[in-house]
Amino acid sequence: MTPLIEVTGIGKSYGSVHALRDVSTVVNAGEVTCVLGDNGAGKSTLIKILAGVHQHDSGELRVGGEPVRFSSPRDALEAGIATVYQDLAVVPLMSVWRNFFLGSEPTIGFGPVKLLDRRKGKRVTKQALAELGIDLRDVEQPVGTLSGGERQCVAIARAVHFGAKVLILDEPTAALGVKQAGIVLRHVAQARDRGLGVVLITHNPHHAYPVGDRFLLLKRGAPLGTYEKSEIDLGELTSQMAGGAELAALEHELRSVET
Amino acid sequence: MTPLIEVTGIGKSYGSVHALRDVSTVVNAGEVTCVLGDNGAGKSTLIKILAGVHQHDSGELRVGGEPVRFSSPRDALEAGIATVYQDLAVVPLMSVWRNFFLGSEPTIGFGPVKLLDRRKGKRVTKQALAELGIDLRDVEQPVGTLSGGERQCVAIARAVHFGAKVLILDEPTAALGVKQAGIVLRHVAQARDRGLGVVLITHNPHHAYPVGDRFLLLKRGAPLGTYEKSEIDLGELTSQMAGGAELAALEHELRSVET
Amino acid sequence: GPEGEEPAAQEGQNQQAQGDLTVSVISHGTAGDAFWNVVKNGAEAAGRDLGVQVEYTADGDPGAQARLIDNAVAQRVGGLVVSMANPDALGPSIQRAVQAGIPVITINSGEDRSAEFGALTHVGQNETVAGEQAGAAFADAGKRKMLCVIHEAGNIGLNQRCDGAREGFSGQVSNLQVDISNPTDVESRIRGAVQTDPSIDAVLTLNSQVAARAASAIEAANSNAEVATFDLNADVVSAIKSGEVLFAVDQQQYLQGYLPVQFLKLYRDNANVVGGGRPVLTGPDLVERDNVDRIGQYVERGTR
Amino acid sequence: MTVAPPTPVDERVAAPRLLDRLVVRPEIGALLGAIVVFVFFSLVTDQFLSPGGVSTWLDDASTLGIMAVGVSLLMIGGEFDLSAGVMTASTALVTAILATEAGWNVWVALGASLVFALLVGGFNGWLVMRTGLPSFIVTLGTFLALQGLNLGVTRLLTGTVQVSGVRAADGYESAGMLFASTIEIGGTEFQVSILWWILVAAVAALVLVRTPFGNWIFAVGGSAVSARAVGVPLVRTKILLFMTTAFAGWIVGSINILRFDSVQANQGIGQELQFIIAAVVGGCLLTGGFGSAIGAAIGALIFGMARQGIVFAGWDNDWFMLFLGVMLLAAVLVNNTFRRRAERVRR
Amino acid sequence: MTVAPPTPVDERVAAPRLLDRLVVRPEIGALLGAIVVFVFFSLVTDQFLSPGGVSTWLDDASTLGIMAVGVSLLMIGGEFDLSAGVMTASTALVTAILATEAGWNVWVALGASLVFALLVGGFNGWLVMRTGLPSFIVTLGTFLALQGLNLGVTRLLTGTVQVSGVRAADGYESAGMLFASTIEIGGTEFQVSILWWILVAAVAALVLVRTPFGNWIFAVGGSAVSARAVGVPLVRTKILLFMTTAFAGWIVGSINILRFDSVQANQGIGQELQFIIAAVVGGCLLTGGFGSAIGAAIGALIFGMARQGIVFAGWDNDWFMLFLGVMLLAAVLVNNTFRRRAERVRR
């Protein structure tokens, strides 16, 4: 089986900042590829290349075996890659259902004129959100009136609803509490079980380990290593990320001030 | 000893949203008061009242025993309350040292004319950042060119430098990796040891427990409980926050899909 | 150029009787104003005819106009033609030009202060007189109540025309302000004004384009008022022919551009001063149905 | 298809009032304002309500309204067009010069000026998107450049600052019928531009709320980065919006030149602010992402009624600008209050 | 006092080049532009470099420059003032009417118009801060209102649209000396307004980069919420900025009325765009938080040199607007490129 996405030696610079260098990984159907790393490690840059927001400078990106180069997020969407961004990508002043369908509006034909199918839009949105455990009184209310967690769920519900083959989530749990993070992780697992390829970005190994199949560790733009789940355990993953010795020293220090 | 800050039955609404209701707590010198809660629990709202960004609608706020009502962040700063905001409060286009001293600029008298003391500003900034382990090549560069973690450290360094009595930190670790979060927590502990009263907001009990002395749990704007460190252990704190049963079910479920 | 530093250069001007002559024409017309376009054409035609280099500049802001005069003085032009809508603002600059030995001729407005500032002569006539003529012509036609349409708020020249018209007209006069940059607004407002007061039997417009709007507004409002206007254009000519416009007050502003250039040339080459420095009147010429045919063809080419 | 279970009551939210639900529409403030102005002048003056009076202020509002609708779409899309005012003159000049000086058929000349307008609009949009500069600056540049071209080219080609004589050109009959005829209703003549105004407003309103493209307009105005990220063709949408405004400018320019037969090179300057005022009075948010095309059309109506009402009332016109300034401030304050209320209708 | 240890080399960053360091200043684009314009007209025309020529274009640039500096401070502070142009006329009218119609001493009249200007500026600022509306809209309202007042009140009090005769009023001698005298240098007269321009630019530049208030201006323009949160008095700073712009308007209005002795009620309209253009050409970011007062002064200098240079060169004035539009676009594109480079000089 060819992987859904295959990244080989990819690199990207913003002006004189080399945000990403020589990174390779694969995303298979029914598997979760986790990308881990500290702040500024290049996680968002990597997935923005997959999502068509930026273009890579070097290396190769293959989708379904074909080398591609997305010129806009629309191209990536059409190739079946749906993304939930760290900065959420919702339009606060627009209603929930319009945000939900933004860019892929349902229409009813009317000769050559295509009008929005508003009834369908509202119904589907309500239902898709309900499935995620979010129950809105009114999907006509502006997204700006929702709480951060609710907005996150709108973005996830949208990606799940439209995400044909690959679902990319950029730190979906960073701003969430334990309970809501759990709900999101559950949906990641569900999507995986439905046969989607999932890319999960996080810097919390505790969130990544339970759902991940493959772990790509980045540090300052360069790959630190790629591990299959069988090759690594949670403790090792955590210490790999933080740089083993540093973490141990830190824990000791915090424990000592504590007493 | 009177507490540095005492909050009694405080409440705040934004329009028809009651963001905070009937919350009480104290902040003592040399102690860390942690405020925990899910998204939208009202954590930021509470500390914005302490910091003078918003005014409370009901209840009482005492600083050093005196009831007060700050009309602007400047008032709160003058009362010795320094704050690091979740949304960082830096001006991206301004240089690092100007951001560092923003609102409390060092001047050299020149008759009635007070000019900025730029040399002192740069020197002090460089030094204060170096103490936090951040070493900038040039404190004249715009803050917008720093990484998220570096910006966080600028904001913290500023608060530590000017924070006379009380230091408030709103989710300082949310956007940070393990290592950087550790550094921040270490500084929290240091500030406490120097006799400052610290308010630490987070929704990560693992970050709160090692440094906290008192834990205020919020849920949907209302207090869920206040605990001294001696009254609660990490496991209980975590389960209190997530709502014990829910968490157990979730962990079980994630563990089961994992296999 | 380095010769600018020579102090003697300032008197040098009017003594050199041969060679190129440069004349700067500086008006207070706003860019794109139809009236001043004809002045410009007149000055440029004179320049071509007489081999004089003519530079036309304009600014409606008195301060900016004064600076343009200073500029011409700095260029040490051979002659200066200035429309003096605001003598107080321009006075010092004109006097400086005169002191620098540059002959100045004022045009259009500012007749009464012209000699005081040391100008050679004045060509044209002031707006008030032109307005009086228009008012008198309406009065002769038996009109009782006049509407004077100002198309640029705060323009002193337009206000002077209306004030003059009030003088010359024996009946009642009211002013109406319209926005020249929006023709629909011009037409609607004139229409509204004649609808509101049906006793208005005369409409005086101060711009040829506004005249055409007034004519159709009156028609749309079924009013029996008649239109007269300042200035000519092709539309006004055909409207006079068809009787939609009663008459046009033509200042013959082409002359206000042409004559000063000629006078300055003659002054330099032959020390002529026309009329001993008394004002030369260029109009007003009333263009009516009986003389419009002859004048119409000149309007087309932008010289009347 | 399952139906969501009944919403549990959220204890954090006070019950939203009925009024709150009513004032969510952006055009509500403008509508109230229009009613006030209408009733006021109907009572104060005799002529305002007469057929002739109505036809006068509708006429005045119509061309302004067409532009205001175009500008409102652009404003909802988060951009500005300061060149919209001169654009009405530029298109009229192109049509007139081609039809009279070059002797083209009016329809062909109209087609050429349409192409010209779309090119300028497209250029505005392209430059804004390409450079990321604020549209205020870019269109200020085009505004000045067009102003200079209008004057320079007209004088160069015709020797005057005014072009007329389109009525004599081929094809004037049919083109004039479409853009500049009048319709008699009950003995009063109404300009066909009123129909254009209603048509443009209706089409714009339909596109805005009932089509995907309308969705995209709100999205690119509300948050351009997010819109692009979820697959909205950002650049295309914005460029199309600039072209729409230019298109509106072409309609108005064509109406003007065919109706008045002449155009002056300095026409249209200063109008751009009136379009923006009408759109803002009509409830459009200057910063984008919120507003209504119908509101902008109503904003133009208020403008037309007030401007003509003042003439009917015989008031001194000197004060119109003062009235306009006060009305603008009052309208945005009212709209702002309404919007704030609307935003409080939260979950 | 410890010294930071030597910076370890960051492997992610290419070495910043010297050029990058040089182009960080916001005024660099304007400076280059000014040199180009200066050299160009010096070569093309004879008189541009003569003392009389220099005095002419400096004079032209001076009043524009005073306003551009005021507007640039406001723009760096994140706001706009469309009423700045009419403000120069309003203050002149107040001074003139009080000095001639009411017979006040010129100094007293100047004081009164200063109070008037500061009140209007303060009102602008207060309304913007109070309502949170964009300053574009609020000052557009004031712009229209002042325009109406200028016209209405002047006509009401004097019966015409122009007030003159200040020269005859008490106190003119000394006030005229301060605002409208000329200084002879080497046989050529230079307007005292040039000194005002230099003075205003120098004071503004000093305040901007060397005082805490200047720091606050950058901060409120760069990120108002953050600035307030760290203790910058946001409302006070912004209101003071609006008052500063109004103050600049008062200086220019006073220079105009005392120098030209007369003022027309429609003066100053349209000027506000020129001020903004000069500030933007001078490197100010329209969206706030970045820019320079010196740059704005240089922007005005480019303006003055170009406007007078075209006259010196004998070019047809019809095309000036086209030139202005193209220059504006070119300038912002150059500034933009420089700024982008500057922002790349990262750690």
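Every chain is named by a letter (A, B, C, D and E) in the order it is written, and numbering of its residues begins at 1.
Everything below uses one rule, namely that a residue touches a chain if its C-beta (ideal position, glycine included) is under 8 Å from a C-beta of that chain, and two chains touch if they have at least 3 such contacts.
On a predicted model such as this, the values are computed, not experimentally measured, just so you know.
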| item | value |
| --- | --- |
| Chain whose average C-alpha position is farthest from chain A's own | C |
| Taking each chain's C-alpha mean as its centre, the one farthest from chain B | C |
| Whole-Å separation of chain centres (CA-atom averages), chain B against chain C | 72 |
| Computed distance of Cα centres, chain E from chain B, in Å | 41 |
| Centre-to-centre distance between chain E and chain D (centres being mean Cα positions), rounded to whole Å | 31 |
| Residue list for chain C, restricted to those that touch at least two other chains | 31, 153 |
| Junction residues of chain D - those touching two or more other chains | 151, 155, 270, 318, 320-321, 343, 346 |
| Chain D contact footprint on chain C (complex, rising order) | 30-34, 37, 41, 153, 175-177, 179-185, 187-189, 191-193, 195-197, 208-209, 212-213, 216, 220-222, 233-235, 301-302 |
| Footprint of chain B on chain E - complex, ascending | 1-2, 4-5, 7-8, 209-212, 214-216, 218-219, 222-223, 225-233, 285, 289-290, 343, 345-347 |
| Partner chain D, residues of chain E touching it in the complex | 127, 131-134, 136-138, 140-149, 151-152, 155-156, 270, 273, 276-277, 280, 286-287, 316, 318-326, 328-329, 332-333, 336 |
| Parts of chain B lying in touch with chain E, wherever the complex brings them together | 51, 53, 72-74, 77, 83, 85, 87-94, 98, 101-105, 107, 114-116, 118, 123, 126-127, 130, 135-138, 141-142, 144-146, 150, 158 |
| Touching residues on chain C, where the partner in the complex is chain E | 1, 3-5, 7, 31, 53, 55-58, 61-64, 66-68, 70-76, 86, 88-89, 91, 96, 152-156, 159, 163 |
